[in-house]
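The next block holds one structure in the form of structure tokens; read it before the comments.
The letters A, B, C, D and E name the chains in turn, as written, and every chain counts its residues from 1.
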Amino acid sequence: MADDLIVRVELRPAHGPPRSVELSLATGDFPLVVLFGPSGAGKSTLLRCLAGLDRPSAGAIHWRSCTWFDAATWVPPQFRDVGFVAQHGALFPHLDVAANVAFGLDALRSAERAARVTEVLDRFDLGALRHRAPATLSGGERQRVALARSLARRPSLLLLDEPFSALDHPARAALRADLRRWVRELGLPTLLVTHDPAEAMAIGDTLAVLDAGRVRQAGPVGEVFEHPRDAATARILGVDTLVAATMLHAIDGRGVVRAGERDLAVSAPDGLTGRVLVCVRAEDVVLFARAPDDGRNGAPGRVVRIDDEGAFTVVALDCGYPLRARLPRRVFGHLGLRVGDEAFAAIDARAAWTIADR
Amino acid sequence: ALRPAEARDRLAVAAAADLRFVLADLLAAHPNLRVDVSFGASGSLVAQITQGAPFDVFLSADESLTRDLVARGLADDRARFRYARGHLALWASRALAVDVPALGMRALLHPAIRRVAIANPRHAPYGRAALSALSAAHLDAALAPKLIFGENVAQAMQMVQSGAADAALVSLSLTFAPGVASTGQRFVVPGALHPPIEQGGIILRRARDPVAAAAFVDVLRSPAARAIFARHGFDPPAP
Amino acid sequence: MDWIALALSLRLAAVTTVILLALALPLAWWLTTTRWRWRHVADALVALPMLLPPTVLGYYLLLALGPRSPVGALLLRLTGTSLPFTFPGLVVGSVLYSLPFAVQPMRASFARVDQELLEAAWCLGASRLRTFSRVVLPLSRTGIVAAAVLTFVHTLGEFGVVLMLGGNLPGRTRTVSVAIYDQVQSLDYAAANRTAGVLVGLSFALLALTYRTQREGATRWPTT
Amino acid sequence: MDWIALALSLRLAAVTTVILLALALPLAWWLTTTRWRWRHVADALVALPMLLPPTVLGYYLLLALGPRSPVGALLLRLTGTSLPFTFPGLVVGSVLYSLPFAVQPMRASFARVDQELLEAAWCLGASRLRTFSRVVLPLSRTGIVAAAVLTFVHTLGEFGVVLMLGGNLPGRTRTVSVAIYDQVQSLDYAAANRTAGVLVGLSFALLALTYRTQREGATRWPTT
Amino acid sequence: MADDLIVRVELRPAHGPPRSVELSLATGDFPLVVLFGPSGAGKSTLLRCLAGLDRPSAGAIHWRSCTWFDAATWVPPQFRDVGFVAQHGALFPHLDVAANVAFGLDALRSAERAARVTEVLDRFDLGALRHRAPATLSGGERQRVALARSLARRPSLLLLDEPFSALDHPARAALRADLRRWVRELGLPTLLVTHDPAEAMAIGDTLAVLDAGRVRQAGPVGEVFEHPRDAATARILGVDTLVAATMLHAIDGRGVVRAGERDLAVSAPDGLTGRVLVCVRAEDVVLFARAPDDGRNGAPGRVVRIDDEGAFTVVALDCGYPLRARLPRRVFGHLGLRVGDEAFAAIDARAAWTIADR
């Protein structure tokens, strides 16, 4: 599969330390690639270099058949045909909604332009806000206008830097679903930055986990979330518990490890041996007040701490190693557990992914 | 009102600021003279003429400046002329409790006179004359702390009129100016106390209509004009 | 009241303002965006006319534009006239003299345009010119209006440069501020007061009106 | 080169700058924060001295401060001296003349102080004075330095007001700009050129240095 | 219980419509009261009026024995002794961390001040950052400094306006837990604004649900979350499903309603009859591929839509009425459900709260 996008750049800003960012993506990774990573990983830097807003000191950027940057080339943002939507939308305050959307369309003839604006506004449910000034719009509406504006030009690449972070949860979920639909309908290659795992899962086709400017792991979203390749990636992806263990035997994707004083069935890549880490998401741990007598996979432990998290309760257990379980508040209520109680943490072997401990 | 096109056919005269009043009378008496007068500080006018200012005739308060223009090749030495001789006058506010006409120059020593304005002696002829007169009257040492300097005699006069100065040594002509004559007391400084103030002019080489310029100079030096000059405190020029 | 001088001053101020807007817009934008290492020198040069004695400025302008200077000689050869003592000469002087009054308010409002909006325009394919005319200019409206009004009023009040460079020719280079000076010199204080009253009143009204329309939100301070 | 005049000008500029900083700080802050409905009138009044012909200003100052005016008479009665033709008189004139040059850069930088920081200070119990001195002032440093330098340089270049109000007394009221004028009037062009060169060089160097230290980030513009 | 805090104010701004805000809280509601409500509810307005930053046009504000505002009184912010932390912290950029924290302490003697600063910095784990400039801090560190700064003065009331919204999820959770600990230790009455339900649950003692400037419901956090009083409150609190039903009989806190074509056991306040709404959180719905034969409470339905949400999957069902279930991704995977399949939604009667449908 040919690489569609190759970025390998270095930045040496006047102030601050130099940094570098690398990423390459293939045609099959699109339409929607999510860049996921901790604060400072270089996600915004990458997008801004792609858009032509930051100019690297060295390296190269290739998009499909074009070279946007290398030692001899620099294509300014005007000629890259990308759509870029920053965190707060950056709407032109002196233009109304329709004029904002029409801003990038000056190459079209006036009738065509009007038609395009109407089409895009309708698609984004903004028809009624056509003549409103940006200052009078709610956060969600502004974000929709910003998206509409960058999509109206039918760019060849869409770059979204945490486009929903200014919204509250319900507005976010709705806009996310809409965006996913539009991007698919238009078949538009899109890079979206987020540090919300739920957002990454809900919207992405491909997930690239960025850390310190390098891609740690990339692949289909579900695959990456379920099978992180190393401990750092697992932590970045929000795995709550990493249990240090020793692989006893592994075959055909399944294995048994010794963790603490007990054996635990896990899933594992073939050929893994020796010291390993077992990744367990708190959501995948089922708590029982008493160990069920069906020989369930898991570990007994003592409740160390209980935290409320809205509809969920997070229980920290000591099973010889620390383990966290997140269960619906209601379910937790029925268990009647308190700090200090004994409990049994059942872990589905398929949900316990194992990685080498280096 | 004057339209620019018309203005170009008229004679352009650059005149020292102290000629304002007398020239106004003169022009009023000769309505057939097609003359525009630009007043200014003599030094500025020379600088401007040097840079090609469109003046035909220059009337200076200071004859030496006309020689300067000749030296710069802007006029012919024969085009120089004298048109009046100025007088220096001591002027003080009427409100002042000092009898200036009676005391003459010694009035300046009076303690009620704390500030005496003169034109800047560095470039104004009446300023130089004022200094000469003071030293001839042996007042220079006593008056040095009282002196203040105006850009020209008009500013020295303003200083008295605003009350900021108590007395001034100015051109006699200025003390006859409309609105001034009745506001103060005047003492004409004897001509012997300072070198004569010969007011000279010159027809510039660039004059477009030398004939008209010469005609204007003739009017300026005519007996009728002398009468007007006399009314403004000028003597006829030395021949 | 010397209406001819007032008319001349108004004409001079209007012409100067129009020319300066055209000159100062690109200059101010250049100063705002350039990364040239001598930018501060350019800034200082632009500010200088505001700070030098106007008569000094006028005298050196007279020298620079007069027929003896290379510039003046060239102009004379090309156009057959020399600039000093003409209305165009006054315009040249005023443009130079009022330059900082046009550039500085523009710079201030250009600098306030959000970088994000420029980036948004570029990513929408807008050229530099389009970004400037469609984003920067409309968002800097108040600064540009302020620049125009300050230039206009400052040119109305211009004295030293006009006196030196203009030569006090009635109807041609005798502006209202020179007229006031003349009236004071003629000890005609009543006329000077009238003329100055008109000039000050006009300038003040223009300024107050401009500031009124520009009332941006005051910084809030706790009420007592 | 008239060194005495230069020294006097420097002294005048220094004294004026110190006084104006003290005056302009509260005035600029008041203008920035007041919600008074006639604020635009106050703004216009402050700007006016920058825009009027300086000789007109000087003439009316002479009238206002002279012993015939109520103000002048009062001063004379209280202090036994009158202001015109004295160094203190020049200082008064310069302060008025350079007022806008001190107020406007301060206003601009005061307005840029983030409202949130003021609110944070209040909620931390800081009085208005403490908020001003500990938050507003340090955050407006560049604006205040700019105000000081502009005031200083502008006062150095002051001519009309000094000429009218000063009386051209060597060592007392004869500033460098008046000296240049005198030299031009005496047709001593060589001396005028030397003096003007020193004045322009000094002003220019001060400005360029100030702008250099104040290099705020230029607005970014796509590189080609 | 005496009212500790009474706010009843009206604002008529120069621009924009007038609005009013009302709230009263008793001593027992503190230390940590969470203000929860949709965007535009007036939460920030309330906090700013309390801090003295916005001045109402009419009304009154009383805090304990003080009147801060009424027709005759106006106490400026300097004299209210509140701590206020806004969204972005508003650190003084020209002062280092220690000087920021010391800013409010000028009433103390210099030795005392130094001691207090050191104490607070240590408590907030900021000792190492003492001499750093705010511009060099990460988002989480800035928030910690802002909190430290307002707590250093030991204010009598702490006001926090979405203090964590600029942070990413892990940083947020950590700082939240810290804040909760500090506030309890100091016994400091605190009002915290959020629109994240998880945050409200995790941190609050009392929850006040604000809507259009009025308190819709207030009480202990868990109580309010579990028993919303009306449909609007339920929606604000994130109840996913509200089923219109008819109450058949109710006694002793339990009842039976008819919803769609089936009966459903619910919990209900006594005396509720007629048309009701049943609140069901998606987390409390357990899905089965086939209806279990133990006569479990619930309803059969058809899968209409499946959405990924990171570690969770949201399944929309049609049970004669729309119903949403949110289950761990892993659990959902085992069910093998697809759009169009039949499924059974089990609902614990105790998790189905009923309110009158007006």
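What to note about this one:
What we mean here is this: contacts are C-beta pairs under 8 Å (C-beta built on N, C-alpha and C of every residue); 3 or more make two chains touch, one makes a residue touch a chain.
If you're wondering where the values come from, they're calculated on a predicted model, not measured in any experiment.
By the document's definition of touch, common neighbours of chain A and chain D comprise C, E. Minimum number of contact steps separating chain B from chain C: 1. Taking the CA centroid of chain E as reference, the farthest chain centroid is that of B. Here the CA centre of chain C is 20 Å from the CA centre of chain D.
Mean C-alpha positions place chain B and chain E at a centre distance of 89 Å.
The mean-CA centres of chain D and chain E are about 55 angstrom from one another, to the nearest whole unit. Each chain gets a centre from the mean of its Cα atoms; for chain A and chain E, those two points are 25 Å apart.
Residues of chain C in contact with two or more other chains: 59, 122, 184, 222.
Residues of chain E in contact with two or more other chains: 52-53, 76-78.
Annotation for chain B: residues 44, 47, 155, 158 touch two or more other chains. Within the complex formed with chain B, the residues of chain D that make contact are 59, 62-63, 65-68, 72, 82, 84-85, 163-164, 167-169, 181-182, 184-187. Considering their complex, residues 114, 116-117, 119-128, 130, 134-135, 138-139 of chain D touch chain E. Interface of chain C with chain D (complex): residues 32-35, 39-41, 43-45, 47-48, 50-56, 59-60, 108, 110-111, 113, 115, 118, 122, 128, 150, 153-154, 156-160, 177, 180-181, 184, 192, 196, 199-200, 203-204, 207-212, 214-216, 218-222. Listed in rising order, the residues of chain B touching chain C in the complex are 1-4, 7, 12, 14, 17, 20-21, 36, 38-40, 44, 47-48, 50-55, 152, 154-155, 157-158, 161, 174, 177-180. Residues 38-40, 138-139, 168-171, 177, 195-202, 221-222, 225, 238, 281, 283-284, 307-312, 328-330, 348, 350-351 of chain E are the ones that touch chain A when the two sit in their complex.
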